[in-house]
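Order of writing sets the labels: A, B, C and D. Residues in every chain begin at 1.
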Amino acid sequence: MNRRRLEEFCDAVFAVTITLLALNLAVAGPGHGPLMHQVADHWPSFVTYLISFATIGLIWVNHHALILNVAVVDRTLALLNLVLLLFVVLIPVDTATVAKYLALGGQDARVAVILYAAAFLGMGLSFAGIFEWTLRSGRLPQPLPERARWMARLRFGAASILYLAAVAVAFVSPPVALAIIGAVPVYYIFEHLPTVGSPAGGRQ
Amino acid sequence: MNRRRLEEFCDAVFAVTITLLALNLAVAGPGHGPLMHQVADHWPSFVTYLISFATIGLIWVNHHALILNVAVVDRTLALLNLVLLLFVVLIPVDTATVAKYLALGGQDARVAVILYAAAFLGMGLSFAGIFEWTLRSGRLPQPLPERARWMARLRFGAASILYLAAVAVAFVSPPVALAIIGAVPVYYIFEHLPTVGSPAGGRQ
Amino acid sequence: MNRRRLEEFCDAVFAVTITLLALNLAVAGPGHGPLMHQVADHWPSFVTYLISFATIGLIWVNHHALILNVAVVDRTLALLNLVLLLFVVLIPVDTATVAKYLALGGQDARVAVILYAAAFLGMGLSFAGIFEWTLRSGRLPQPLPERARWMARLRFGAASILYLAAVAVAFVSPPVALAIIGAVPVYYIFEHLPTVGSPAGGRQ
Amino acid sequence: MNRRRLEEFCDAVFAVTITLLALNLAVAGPGHGPLMHQVADHWPSFVTYLISFATIGLIWVNHHALILNVAVVDRTLALLNLVLLLFVVLIPVDTATVAKYLALGGQDARVAVILYAAAFLGMGLSFAGIFEWTLRSGRLPQPLPERARWMARLRFGAASILYLAAVAVAFVSPPVALAIIGAVPVYYIFEHLPTVGSPAGGRQ
């Protein structure tokens, strides 16, 4: 397997996904009331757009740092990446569903946010799976010390645990669940994955 | 012809295709009954999404291993790849058609699955055609021994034969035909194409 | 300017364009008559899909051979490529318009095919413009002999002249105009652009 | 962080964005009056298509020259690029909104053009932010002389100031605001960003 081609394929999927995200912001057009009102009523689309864009953007940055550290890119890693992408490409559709139902509240809003949180949970677990795979002997140029492994696991685990919490909270309060999902990328913006990202950080 | 550019072009098409696949999962939105029911009635979309995603994902992995082994990338190989992509890009649309008609059953479901299986058959035959091309003298760094060629042909042939069977079975039972189509990527996940993939497997 | 990035950007546009082309093949879905009839009535979509796919595919192959020969990739070349892409991305929409109106015949069919032919004409002229730019001194590793230049100009000119003819013919007979447009990629499949493509043909 | 992967990701987003732009040119199809009239009434779509395509195309060219000059590609630069892309992917949707409302005039046309100009303003400011980041010590192979920095800042500032003006003017005259937005890429076509672009201009 070729590192460049694996990265390019994943990057293309990430890129198309964030571009499709924006299409959810389209307004119905003339004959659906003043544009100003259409845009104002559209606020859930903007909120979910920001959350989904930030999350996929951060997944891209972290995926990058993770793969850059891998010594051997093989078929298994390619398959693990396909599982990650299986969930990533669901995000534009789930984002649109939340945008359509959030403001309506009730059971439909709960279902929409649960689906949304579940897609992120699947993405988080797939990413953690790729990380676990990189820890196997010979996958990293120099093996991570045990303590660093556990800190990194905690970091990745944090995201999956938060997404799991979001799924549970969504049964009670979709907006709070959404706030939890939105907090994850904010956390990763300030989280530099030192054990994984930094050594790769300055690499050209 | 430049190997990188051929790979990038095919990867971009594969990437856009799997991302578009997920758009078939979009629900109709408010005013079409409870979201839970809309999602439940949507099961054919989820089944066909998984089948199509897994198939394109595996085609990507195998395409990768195949091209990585080619010594000379020329205009003919580029044209053969365009034939492969001609069928690959049909998959999101054919997937959507199956998703719309499968649950309705009857003649329409049969036609939908036949179209779907036919697209995969075209993809399988194009891929086998690229493989045949690589067997010509000078296309691989070291020519494959005759026996390895036949084993590889059998492997690729297996997929096309299964897709051909799916086309035939679809006239009788669309669900069974779908099960056959879904079995192909599962087979390739555990099939490492040793004669083609493995030498390339660890390459950087 | 960086050759790789110019190629990647153009390839991504070509790739997304051919993938979007296939979306024109989507059927209306349940409630619009037997699927078999919907597909049969859809024949203009299939014909125009094949023509557009083949044309963009060949443009990709020839663009590749052309850029591979360029010694210096600069801002001007990037701008010329943007002009080419300005027409390339129009093709999915113009293809859909022809598919919708061709079978209806009359004035609308004429207008649809004229728009379609005009997009290809713009693409052909832009491509010829890029080729002319490469002929300027220092743009190719070794300058083309005068005779080779004229032969190449004739080759590229042929496409633009055929597209111009298609625009004119479309006023009288849209199907004949379509046949002319469809003949161009067939011509380029057997046309190896020796003076430009071949030296690059075997390059890695 | 890896320069290639950052460039590829941004290029893929730029490429998908300009390809989606063209989809705004689709006509309603049969049953909506003569095609000729549909196309004629579609003029705002063509005007905004040209403006948006030219702007994203130029952003791509300048982004290219800017990143090519950066000595160190790190996580911060990746995040800054994500902010740029956050606005870039909004353009197809905002372009469609202007196309739908411009001809109607009135308050809706004003709102549509304000949203459109605001997206470009966000894009311009993000791009200026990336440029400012490159000026920090060690980010460029050789630091820019103070005077060159200010000239470059003026250049980038020019775009953002024009977009800010367009937002203001849109409250009074949407068409004039659109003319201002359309003038920016024309300016950058003849503007070679010597202090940033030229040294990179001929690089391979």
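Following the convention adopted for this analysis, contacts are C-beta pairs under 8 Å (C-beta built on N, C-alpha and C of every residue); 3 or more make two chains touch, one makes a residue touch a chain.
Computed from a predicted structure; not experimentally measured.
A rotation of 90 degrees, rounded to the nearest 5, superposes the Cα atoms of subunit A on subunit B. A centroid comparison over C-alpha atoms places D as the chain most distant from subunit B. Here subunit B and subunit C face each other with different sets of residues for the most part; under half of the interface numbers are shared between them. Mean C-alpha positions place subunit A and subunit D at a centre distance of 26 Å. Multi-chain contact residues of subunit C, defined as those touching 2 or more other chains: 4, 8, 12, 16.
Partner subunit D is touched in their complex by these residues of subunit A: 4, 7-8, 11-12, 14-16, 18-19, 21-23, 25-27, 29-30, 34-36, 39, 50, 53-54, 57, 60-61, 64-65, 68, 189, 192, 197, 200-204.
Within the complex formed with subunit D, the subunit C residues making contact are 1-5, 8-9, 12-13, 16-17, 20, 72-75, 78-79, 82, 85-86, 89-90, 92-93, 96-97, 100-101, 104, 107-108, 111-112, 115.
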